[in-house]
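Letters A, B, C and D mark the chains in the order given here, with residues in each chain numbered from 1 onward.
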Amino acid sequence: MIHQFDAVIVGAGGAGLRAALEIPEGYTCAVLTKVYPTRSHTGTAQGGVCAALGNEEEDSWEYHFFDTVKGSDFLGDQDAIEIMCYDAIRAIIELEHMGMPFSRNEKGLIAQRPFGGHTKPKDPNNPFGERVPVKRACFSADRTGHVMIQTLYENCIKRGVKFFPEFFVTDLIVQDNVVRGVVAIEIATGEIHIFHAKTVMFATGGYGRVYRITSNAVVGTGDGFAIVYRRGIPLEDMEFVQFHPTGLWRLGILVSEAARGEGGVLKNKFGERFMEKYAPTIKDLAPRDVISRAMYTEIREGRGIQGPDGTYYLLLDLTHLGAEIINKKLPEITGFARIYLGVDPLREPIPVQPTTHYAMGGIPTNVDAEVVIDDKGTKIEGFYAAGEVACVSVHGANRLGTNSLLDIIVFGRRGGKKMAEYVKEHDFPPLPKDADEWTRRTVERILNSNGKERVSRIRKELQEIMMDNVSVFRTGEGIKKAIEKIKELKERYLEIKIDDKGKKFNTDLIEAIELGNLLDTAESIAYSALNRTESRGAHYREDYPKRDDQNWLKHTLIYKNGDKEPIIKYKPVVITKIQPMERKY
Amino acid sequence: MKVTLRIFRFNPETDSKPYYKDYEIEADPKDRVIDVLHYIKNEIDGTLTFRRSCLHGICGSDGMRINGKNMLACSILLQDLGYSDANKTYKKPLVIEPLPGMPIIKDLVTDFTDFWKKYETVKPYLITKSQPPERERLQSPEDAELIMEASKCILCACCTTSCPSTWSNEDYLGPAALLKAYRFIFDSRDEATDERLDIIDTPNGIWRCHTIFHCVQACPKEINITWHISQLKKKLVEREI
Amino acid sequence: MSFKHYGSRKSGSIGWLLQRITGIFLIFAMVGHYILMHYTPETGHSYEQSVARFSSVYWKMFYLTFISLGLWHGLNGVWSILRDFKMKPWLAITLYGIIVISGFAFWVLGVSTALKF
Amino acid sequence: MKVEKTHEGYFKLVASYRKETGGWAWIIHRISGLALTAYLYVHIYALSNLTKGKEAFDAEMALFQKPLFKFLEWLLFAFVLAHTLNGIRIVLVDFGRGSYYQKKAFAYLMIIGVIAFLVMGYFIFSHEISQIFAGLI
């Protein structure tokens, strides 16, 4: 079946929904999502969304800007970061006007709390002097993302946006650098649909499921990354994978940074508050890469606690906070600890370990969410990307907590506005013949394949090898091992066999296609990581433990090259106001 | 420990009638029900179909009926269902069925079309008539607290499908939609209270609630939905008098 | 955009409230009734005493209220149970008719008994 | 999109869904309510015999003094108690914060109910009970 829409948005998370709100009346817009809109992963964000509102104490967007640049280990593009931090205040007020139920302070203003890496100078007259944590994260208890996605979805209903829930997008139709639509499988019927469009936005979220321990949803299989990568569009900075320090032990379920923002502390086997060693000034509120590394170091040096299954964890201690704060401001994570680990945070510390959390890299875009495929700014006409799948890059080598929710509402909106302009000025580009050929072939191949490999087995092996070799600490040797394994798995992937051969709601088939996406995404991560021979932000190479601004102050662009080794090119980092300096907390 | 899962199966392409299939598996008391389902799908029978996404009870995808009661498969451990002895073989099967009273698409997957229509009926968005201020609208912490619990709802449909009033009349708005109505009626910033009260004050609306508390027991986010609905009823009565 | 709701608005709040108010009244009335009937069975059940009670204006008023509210509470309850089910209009009207007519008939019977004395 | 409906029936669902306090209270309330309404009709009809004179009324009253009717009356009281006490719970839920303590409220009210039921049993059968004791002595 062929549909025609002026704008097609793939993914109904925060970025997709925010963009959909910008498509003007009179133009058709379809939002495709492989789950129901409110099920998207934005909803799991807990802690907050940052904006220098200054509701609790003196603050300025310029401090926010500085923190984000420093947090990114100076790899973030400063023009984009400036736009985001400046626009944050307007964006939050706008969300409030849309009806988002924020927590409030005594004055009736939006309440704010401290968050990892967000600071202000102790002495305002000395902006580059010593910095102290600042209350900057606007929140709604510990379900900020949940109320945000609900609010955005509510407003989409108000606007009458057309949704296609449970449509799994498999391919992007692009020819001569002009985007023409997408191909999707309607999960309920198994039918293949072509969406012919003037503009397409990818807001498909992250790829956490490449790793074994992850806070990401099962649907976070990197579909958007893999689709564009296969279509010859590069991916930027894929080596930077954020590990959140506090995932529930074994499960990886996120315990928000807000827990530390409210005063929680990390402790090792001996009950020491070990972050005092690694980040003497802001301690447990250091950025995520710093804490994750510190935790791994503690475990390696024998100060972790061994669980019955042989894996190690550390402790997040909230017991000193008191019932009032825990129940009022952190109810959600209290529930998680109780349900999943049988631990009552009021009385005992929570066992935690670092968990795969966020993709800093992604589809390269400019500050208007337009996809640019090289260092000269060549665009793919009509193609946009926003949210986790995009790399603007505002997060550089490491994202600060709360900046992801900010990213989606700021750049989702900017992308939406550009799309609105684009649909007014352009006509439908002709649809190439057999646009759905790749999808049809893939589906047929998987359904008819009668090999002996199980999808789940390959997926598990991929997740293991990535977790072991391409996570917090990396070595060239380890990454090479992972690459070899990925090659092997890709070959075995051609020999799979699925049990469900039907058409209707065939999740077996969907999972098989997703596995293909995981493999392609993993490949781009591993090659990018192998290539960058320095340590920066979340990318830590034990064989190259120093940051190397001389050679590596640049973005990686990785291009697929058939079955051969991918091609790697570079793009300069935009530096406007702040020159790279040593990053310590 | 050994547990038998008795799972509701129905494939519209091959089965004329739904049936139950037993799977005997090795599990740990600390496993979630969703882990066990994943194990079956991954290792034993790939045709088993169910929805899931975030796996920690915030996306609301995997609502199903487990041992006779609606809950999220990702938010319940086997040990909380009485399977707590790691060395035992349990005879009593763990019965897993789709949400009751909904059309069934396949296995544990149900059709949510009506559920979303009901949700949309109560106008689930802030309506304001006055010009918004330059900064945020002010709201006291007490007023914010009033809608905090209601805004926890994850729209998993566990409540609505557990309500006997929905079973007898599938057009009843149901707890989820009424809770959403509460969320906006009691939002100090909303300016369409009257319009909203009219929507729920119908024979298929709030008056089909008989405080049976099935919704409260089913809610995975522990929202006291009945309390919120009783506030709405009082508001409606106040308006009439 | 309303979802298949039938009937008019304002279709329940007063009935809902009255059901509760009559319920509360009936609790007290029932306690009195039971004390009379069982705590003092000798006087409560005799013909003379019953006739004497019915002859008193206050008792008459009490019984009339009791019968009226009791019937209303009971039949409104029955109707609200029936309304839980999706009914074709003709069935709804028929059942409603039966309830109203039989309720009225028994009300007349009860009232006439009380008013005889 | 065609979806197959495989509904369980209403009564089957009510019977099979795992019920806690609220569900049971609701079922008890409905059944006792229906029974009491039916009884009200019977009661009004029986009372109308007052108009037929002393003989007819006394004959009827004598009938009600038979043990079987006494037992039925006792049973009726159980229905009255269940409906009345649960009615109190419903009013607490509707007008107070009863939603938060409805399970406890139900438990306490039902304990009161059982005690009241036994006490009433003593009153109804006091004549028979004293006879039994008289026989023993």
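Simple rule for what comes next: contacts are C-beta pairs under 8 Å (C-beta built on N, C-alpha and C of every residue); 3 or more make two chains touch, one makes a residue touch a chain.
As the structure is a prediction and not an experimental result, all values here were calculated from the model.
Colleague: What's the farthest chain from chain D if centres are computed as the mean of the Cα atoms?
Modeller: So the farthest one, by centre of C-alpha atoms, is A.
Colleague: Using mean Cα positions, find the chain sitting nearest the overall protein centre.
Modeller: The chain sitting closest to the overall C-alpha centre is B.
Colleague: Which pair wins on C-beta contacts, A-B or B-C?
Modeller: Counting C-beta pairs in contact, A-B comes out ahead.
Colleague: If you average the CA atoms of chain A and of chain B, how many Å lie between those two points?
Modeller: 28
Colleague: State, to the nearest whole Å, the distance from the C-alpha centre of chain A to the C-alpha centre of chain D.
Modeller: The answer is 60 Å.
Colleague: Measuring from the mean C-alpha position of chain A to the mean C-alpha position of chain C, what distance in angstrom results?
Modeller: Centre separation, chain A to chain C: 64 Å.
Colleague: Measure off the straight-line distance from the CA centroid of chain B to the CA centroid of chain C, and report it in whole Å.
Modeller: Once rounded, the distance between the two centres reads 37 Å.
Colleague: Could you pull out the residues of chain B that touch at least 2 other chains?
Modeller: As it turns out, chain B has residues touching two or more other chains at 12, 105, 120, 164, 168, 210, 233.
Colleague: Pull out every residue in chain D that's touching 2 or more other chains.
Modeller: In chain D, 3, 10, 90, 94-95 touch at least two other chains.
Colleague: Which chain A residues reach two or more other chains?
Modeller: Expected reply: 188.
Colleague: Under the definition above, what is the set of chain B residues touching chain D in their complex?
Modeller: Interface residues on chain B, with respect to chain D: 10, 12, 17-18, 67-69, 100-101, 103-105, 111, 162, 164, 167-168, 210-214, 216-217, 224, 226-227, 230, 233-234.
Colleague: Touching residues of chain D toward chain B in the complex: what are they?
Modeller: Residues in contact with chain B: 3-8, 10, 13-14, 16-23, 25-26, 90, 93-95, 97, 99-100, 102.
Colleague: Under the definition above, what is the set of chain B residues touching chain C in their complex?
Modeller: Residues 114, 117-118, 120-121, 123, 164-165, 168-171, 173, 198-199, 201-208, 210, 233, 236-237, 239-240 of chain B touch chain C in their complex.
Colleague: Show me the residue ranges of chain C that touch chain B in the complex, using the header's touch definition.
Modeller: 1-17, 80, 83-86
Colleague: Taking the touch rule as given, give the residues of chain D at its contact with chain C in the complex, in rising order.
Modeller: 10, 30, 33-34, 36-37, 40-41, 44-45, 47-48, 50-51, 54, 57-58, 61, 64, 77, 80, 84, 87-88, 90-91, 94-95, 120, 123-124
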